[in-house]
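Shared chain: chain A. Partners: chain B in the first complex, chain C in the second.
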Partner chain A sequence: MHLEVLILLGPLVAFLINGLFGRLYIKNNAHFVAIAGVGLSWIVSIITFFRVMGGHSVDATLYNWVAAGKFNIPFGILVDPLTAIMLIVVTTVSTMVHIYSMGYMHDDEGYWRFFTYLSIFTFSMLILVMGNNFLMLFVGWELVGLSSYLLIGFWFYKKSAADACKKAFVMNRIGDFGFYIGLLLVIVTFQGLNYSDAFQYEAIQAIKANTYTVFGMQFSLIDLMTLGLFCGAMGKSAQFPLHTWLPDAMEGPTPVSALIHAATMVTAGVYMVARCNALFSEAHITSMVVVYVGMFTAFLGATIGLTQYDLKRILAYSTVSQLGYMIMATGVGAYVAGIFHLFTHAFFKGLLFLCSGSVMHAMHNDLDVRKMGGLKKKMPITYWTYLVGCIAIAGIPPLAGFWSKDEILAMTFANGHMFPWFVATVVAGMTAFYMFRSFFLVFEGTPRNQHMHDHAHESPATMTGPLVFLAILSVLAGAVFGYPLENGFIHHFLGPVLTPEGAHPHHLEHSTALMLMILSIVVAAAGIFISWLYYIKVPSLPGKTVKAFKPVHTFFYNKWFFDELYDALIVFPIVTISRFLWRGFDVNVIDFTVNAFGKVPMFIGGVARHLQTGRMQTYIFTMVVGVIVLFTIFYTV
Partner chain B sequence: MMENILSILIFFPLVAAFVIFLFFRGGKTTMWAAFIATIIEFILTIPLMTSFDKTTAAMQFVEKADWIPALGIQYYVGVDGISILMIFLTTLLTAIAVLGSFTYIQKRQREFYLALLVLETGMVGVFLALDFFLFYIFWEAMLIPMYLIIGVWGGKRRIYAAVKFFLYTLAGSVLMMLAIIALFFKHGEVTGIYTFDIMAITAQAVKYTTGFQTIIFLAFFLGFAIKVPMFPLHTWLPDAHVEAPTAGSVILAGVLLKMGTYGFLRFCLPITPAASISFMPFVAILSVIAIVYGALVAMVQSDIKKLVAYSSVSHMGFVTLGIYAVNQAGIEGGILQMFNHGIITGALFLLIGAIYERTHTREISEYGGIAASVPLFATIFLIFTMGSIGLPGMGAFIGEFLVLVGAFEAFSDYAIIAASGVIFAAVYMLWMYQRVLYEGLNNRWEKLKDMNLREIIYITPLLIIVFWVGVYPETFTSYMHESVKNLVEQVFTAGVAMK
Partner chain C sequence: MELTLAHYLILSAVIFALGMTGVLIRKNLIVMFMSLELMLNAVNINLAAFSNYLQDMTGQIFIVFVMAVAAAEAAVGLALIISLFRNKQTINAEELNIMRG
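Right after this comes the complex of A and B.
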């Protein structure tokens, strides 16, 4: 038995205990069980991390899971540097969110239910990152989807929450459909689903030039396979065009938004692409798609983030945008940079969300930034930690976000993707602007709603503790892991697993790298400065700007009208067609025919009365005719 | 006892029915007598499962005796890796269906349980018979109690539904009978021995001409396709389900539908291999249409039971797709999916029945928010909803996965369309779940009672099994490995020899 199995067992056992006994017996003590479970995972994950640093690795089958004919898919775990990093991210943020939730969910009647769901989520996410084959990945993939469904719909009696959780699940399923196709292509190509089969350099080289015919059209096999897998990533990591579920997911309790919809689950797509780097790096068309989808999503998220008034939505669109960065990084082949940004982003975005929860607590669940302002004095810890998060995400050195984001920009530049680099740099400035916009509106200036302001208060220690802890990580994680550029700890650590064989990574001249670094700092500083100008110095500017660019603002504010577009182009036609199939075809065509057949026997019955004469000769005659007919049938054929 | 275990399994329910007919007069004692009888029947399958030899594809626990020697009719029963899970499913679901009917069935209680017991004999007999004549008798014997269950204890439009069910199935039976008679003569012609022995008839498959095989195949196929039901022969199912009492729906969805796909496995594939191979794409297309069509139509239903009925059309499409991929993964997936669908859909109908007893409505729009008043029900209903969607960790995921792997190897384009079922399933199931259990609580249901002990007891075994299959499917698939391997070889050696 491997020590790492304990990482999985902790949350699983906690889930089972709370799930079975929570409602009737454990009730408001559920956090003891859940925190014990996740705490165990955290400790073992840290131990594992250090063991992996020392060269330890695991690729083991726990038992044979699915067997059919020539396929044998194990229930197995894989522990390598990539897994180790992901374990740290998942268990650290999860533990913090567990502790935070003790305060945040304190008075909720579904207290035990909340912790039960957190445990099943943590377990699922750990399965996702620890599996040693695609099917395990898919299991984790789907189970985090379930947990997300349960947690978004935690307050199921609200229609908006019930809608949002269903939307999240279905949008993810659309991506999973593609993922499923990718998985099937992997299994028929490599005759197995184990990473060790599919990521073999020789095996990939052997099938690299193969084509695959789908619906009569020929495609490059490896591109088709990776494109399918990437569809899954688009769903899970909220990439255009499947991004619309993530902002709606903010209907869930805020700790959930921090854990699932910012730090961990939504980064699963990035993890998956990085894990499959051996395949993606050979798939040139897919890589191109990945770069541009990531770039566009980064831009899309930022433009919407500029205009929103709901604090959590601002953060949600910022997440969409940052996920775009990570996806773009994996597309240009900078897998380490992508995972590095995933790592730092988990801490500062988790922090920002938990801060927003703290603000929400103070403002009695109102999230409209227009009603806030001047909260600095009322909640100093939240204020300082939120500021740290904003600086980190804006990309100001030496905080965490700077290192990872700068590296993504530099790598995009180095690999010759000039347009994506340009867009991503602009988006970096926008990010700094809208994050500080939210910061200024919430904490600085004068209160815009005196009544709410008077009742505001700092959150309890169970909530501020995790804030401080994550703030420290947001300050340090980048420099400690990522300095110097391209040559830090994380590069040495992840390099061996994230550098595809046969790849020729591009390196930048030292001077170019320095130039780019300065440029990204300047852009970030400019974003912050403009934000300060708009929201502190000249508060009339925002109104004027909106007036001047009315159509653009409306477009961005309404999220580019994606929801309306999907309703009109997809939902409505499908429902209409389905109604037609049911009423038109099932009832009017098939049943009409069947009922008509039903009438025939009645008619025949009338005729048949005359046949039932009771005379033996007639019966025998009929029988003979019948037998002759039968004989004729099978002798002639 | 073990040498006669199959006969005991077949006739025990019939004997029990006779005893109940003689000595019971309805009421509580009758229910308990029926329940005890079905539980004993279920317990009897356990030694069958444990002493089953998984290393062979041959028929086991065979009993063979002359019955009407002049016509080559025998009493011939046996079990192999394809039928054993169906036996387990049948006896389990029947016992659960009896327990699920205690409060639901108020009129003519004794007759109801008699019908269920006779039905059980028919069902077990169908899966075990190895003689065509015997098989046909069980097949027809099953039809009548089911017809009565819908027609006597059903809802408002029960007569229409029962007659529709009867006519559809009868049409299938007639075609099947013609095919059987033709086979009887053909086998006689080829070997000089006139017999209804299924194994003997199967063994001569190579000697039947392709043209003859095609006719036989089509007759069998139509007969079984009605039972599955495959598009476009499915319209009896929604009506039958909606009108049938809970136990009827459970048995119908859980066991009766599987007889169609069992027929494909036992007769169509091995007896008419050449025709089966040439019809593979045709059946695959119908399966794919069923998957998408069933899902789309399920989406717009306003009656919960009808929704689940159409979802069955979609799910059974996966089964037929897997079977007609004619490879190990596809067929094993198909059989496992037959089993899973029986468990999951059976559970869904039980749960819908349980809530119907409290609210007397199945209209989705009349519900809303009841998760607040019945939390346990909501949780269990969610588990089976997710099971039906094919969430990993539960059985249907494994079944669908194997089917898709098998189908993807055989015909990847159809498999791709079939895989879109994973989206639609999520749409219609979760939309239904949301409208029934989430959102604001309709104040009519504030005082709704949560599940009681009896309901918890009958749902628990299904819960355990659904997770068991998801986590450790080998317990179930290990029964079928050899038989399926043998079947695939049989089809291909015969099919290739013909060409």
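Right after this comes the complex of A and C.
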């Protein structure tokens, strides 16, 4: 029995207890069970982390799940440095969100249901990161999708929430289709699902030469495999073109947005790519796709984030943008940088979302930043923690975001991807701008809606506690793990598992690295300065800029019209064809044929019914005539 | 004049025909019922005649059977007619056509 199994059991048991007894018996005490479960996971995860630091690792089969001839699917767990980091991220943020939810979801009629879903989510995410084979990854993958669906649609009586959860599910399904294909290729190629089977250097080199022509283009087998897997990552990690579900997912309760749609679930794609680094590093076409998808998503998210007015949507697009960064990092081969950014991002983005929840709490669920302002005095803790989150995400040293983001930029530069590097640097400036834009609009200046401002108040301790804790992590996590650049603790820790065999990592000259670092700080500072200029110093500037760039602003404000485009290209044709098949084919052809079979007997019956008069004397008469006729026939012939 | 088998058979046939005509043309259920009894008894005459002619007791035994059935039928049939009258206030066969298709 491995100690790590406890990590899985905690949330699972909490889920079962709350799920079975929550509605009738536990009700508003559900948080005790859920926090006990996730707390156990958290403690064991920290212990595991230190044990892994000491060289401990586990790759064990707990039992054989499917055994079909030579083909086996074990239910096994894998604990290595990558898993240990993910465990820390998942359980820390999850525990904080659990505590925060005690305050935030207070008085909600679905209190026990909320904690039940949180537990099943935590369990699923842990399955995802702890599995030792592709199928367990996939099981976790689908389970987090399910729990995300349940939590986005938590207030299912709101149509927008019900629509959003369906959209999230369908978009993920599209990506999962590719994921299936990738999985099948892995099974067929490596005759097994275990990571240890698939990631063998010799096995990969052996199949490297296999190429196939798809749509007139030459792909190697590994390219096809990884492209399939990456489709799954695009769905789960909200990459272009499947990114549209994530902003809509903000319909869910804010703790859920923080946990699932910022810190953990959406990073599953990054985790998967990093986990499969042995495959991805050999897939050159896929790597290009990954870099440019990540780059474009980062740019897309940032441009939309610039123009939004809904606080949670700003954060959601910022998440899309940051996920783009991570994906881009994995594409250029900087797996450590990608995971490092995942790690720091989980803390500061989780923090920012929880802050937005705190603001929402104070503003009676209104999220329009145009109605806020001057909340600094009313909510000091939220103010300071949000500021920390903003500085962290903007990339000002020594806060967490700087270390990981700068590393991604440096590695992109070092690997010779100049255009992605340039775009990512611009995006870094934009990120600093729009994050501080939201910060200034919400907390600084004068109140824009006096009535709402008067009713604003700081949140209870159960909510501010996690804020402070995450703020501390946002300050420290980067420097503690990432200093010195490219040679910090995290590199030594993750390096062994995330450096594919045969890869030649590029390193920068010390002076170049320093130049890049200064450049990224300058860009971030410029973003913050422009933001200050626009929203504090000269408040008339935003209006003027919008007027000057009207078409561009409209384009960005409407999210590049992606929803409209998908409606026109996909939804509309499907609805039109379905309607034709329904009205035209189903009703006129199929129903017509079936009805015809019914109508013939009805017609015959309609004629024959007149024989049945209901008068018995007619019947008797008929019988007598019949008997006479029969006698006549038999006695005359 | 000697009574031969033919006389009996003709009597039987005449009574049977009368009974059948009654069943077919009368509208009153009671009268139809009596006509039915007439038909049964016509058959009885037939059976008795043949029994005597063939010197075989089987025919007469069957007469007892027919009479037993007729008695039972009378009891049930009359009860049905009474029940029908209570519900419909009529025993006119013409008006009892709720089973019309």
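To be clear about the criterion, the second predicted complex is superposed on the first by the 570 of 637 C-alpha atoms of A that agree within 3 Å, B and C clash if a C-alpha of one lies under 4 Å from a C-alpha of the other, contacts with A are read in each partner's own complex, and residues count from 1 in each chain.
By definition in this document, a contact is a pair of C-beta atoms (placed from the backbone, for glycine too) under 8 Å apart; a residue touches a chain by one contact, two chains touch by 3 or more.
Quick caveat: nothing in here was measured; it's all calculated off a predicted structure.
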Partner chain(s) touched by A:1 [first = chain B, second = chain C, both, neither]: neither
Chain B versus chain C as contact partner of A:70, first or second or both or neither: first
Which superposed partner A:548 touches (first chain B, second chain C, both, neither): neither
When both partners are placed on the shared chain, which of chain B and chain C touches more of chain A: B
Partner chain(s) touched by A:594 [first = chain B, second = chain C, both, neither]: first
Overlap of the chain B and chain C footprints on chain A, listed as residue numbers: none
Interface residues, chain A side, partner chain C - complex: 608-617, 620-621, 624
Chain B-touching residues of chain A, taken from the complex the two chains share: 23, 63-71, 135, 138-139, 142-143, 146, 149, 153, 156-159, 161-163, 166, 169-170, 173-174, 176-177, 180-181, 184, 187-188, 212, 214-215, 574-575, 577-579, 581-582, 586, 590-591, 594, 597-598, 601, 630-631, 633-634, 637
Residues of chain C touching chain A in the complex: 20, 23-25, 27, 93-94, 96-101
Chain B residues touching chain A - in the complex, by the definition given at the top: 163-164, 167-168, 178, 181-182, 185-186, 209, 211-212, 215, 232, 235-236, 293, 296-297, 299-301, 327-329, 332-333, 369, 371-372, 375-376, 386, 391-393, 397-398, 401-402, 404-406, 408-409, 412-413, 415-416, 419-420, 422-423, 426-427, 430-431, 434, 437-441, 472-474, 477, 481, 485
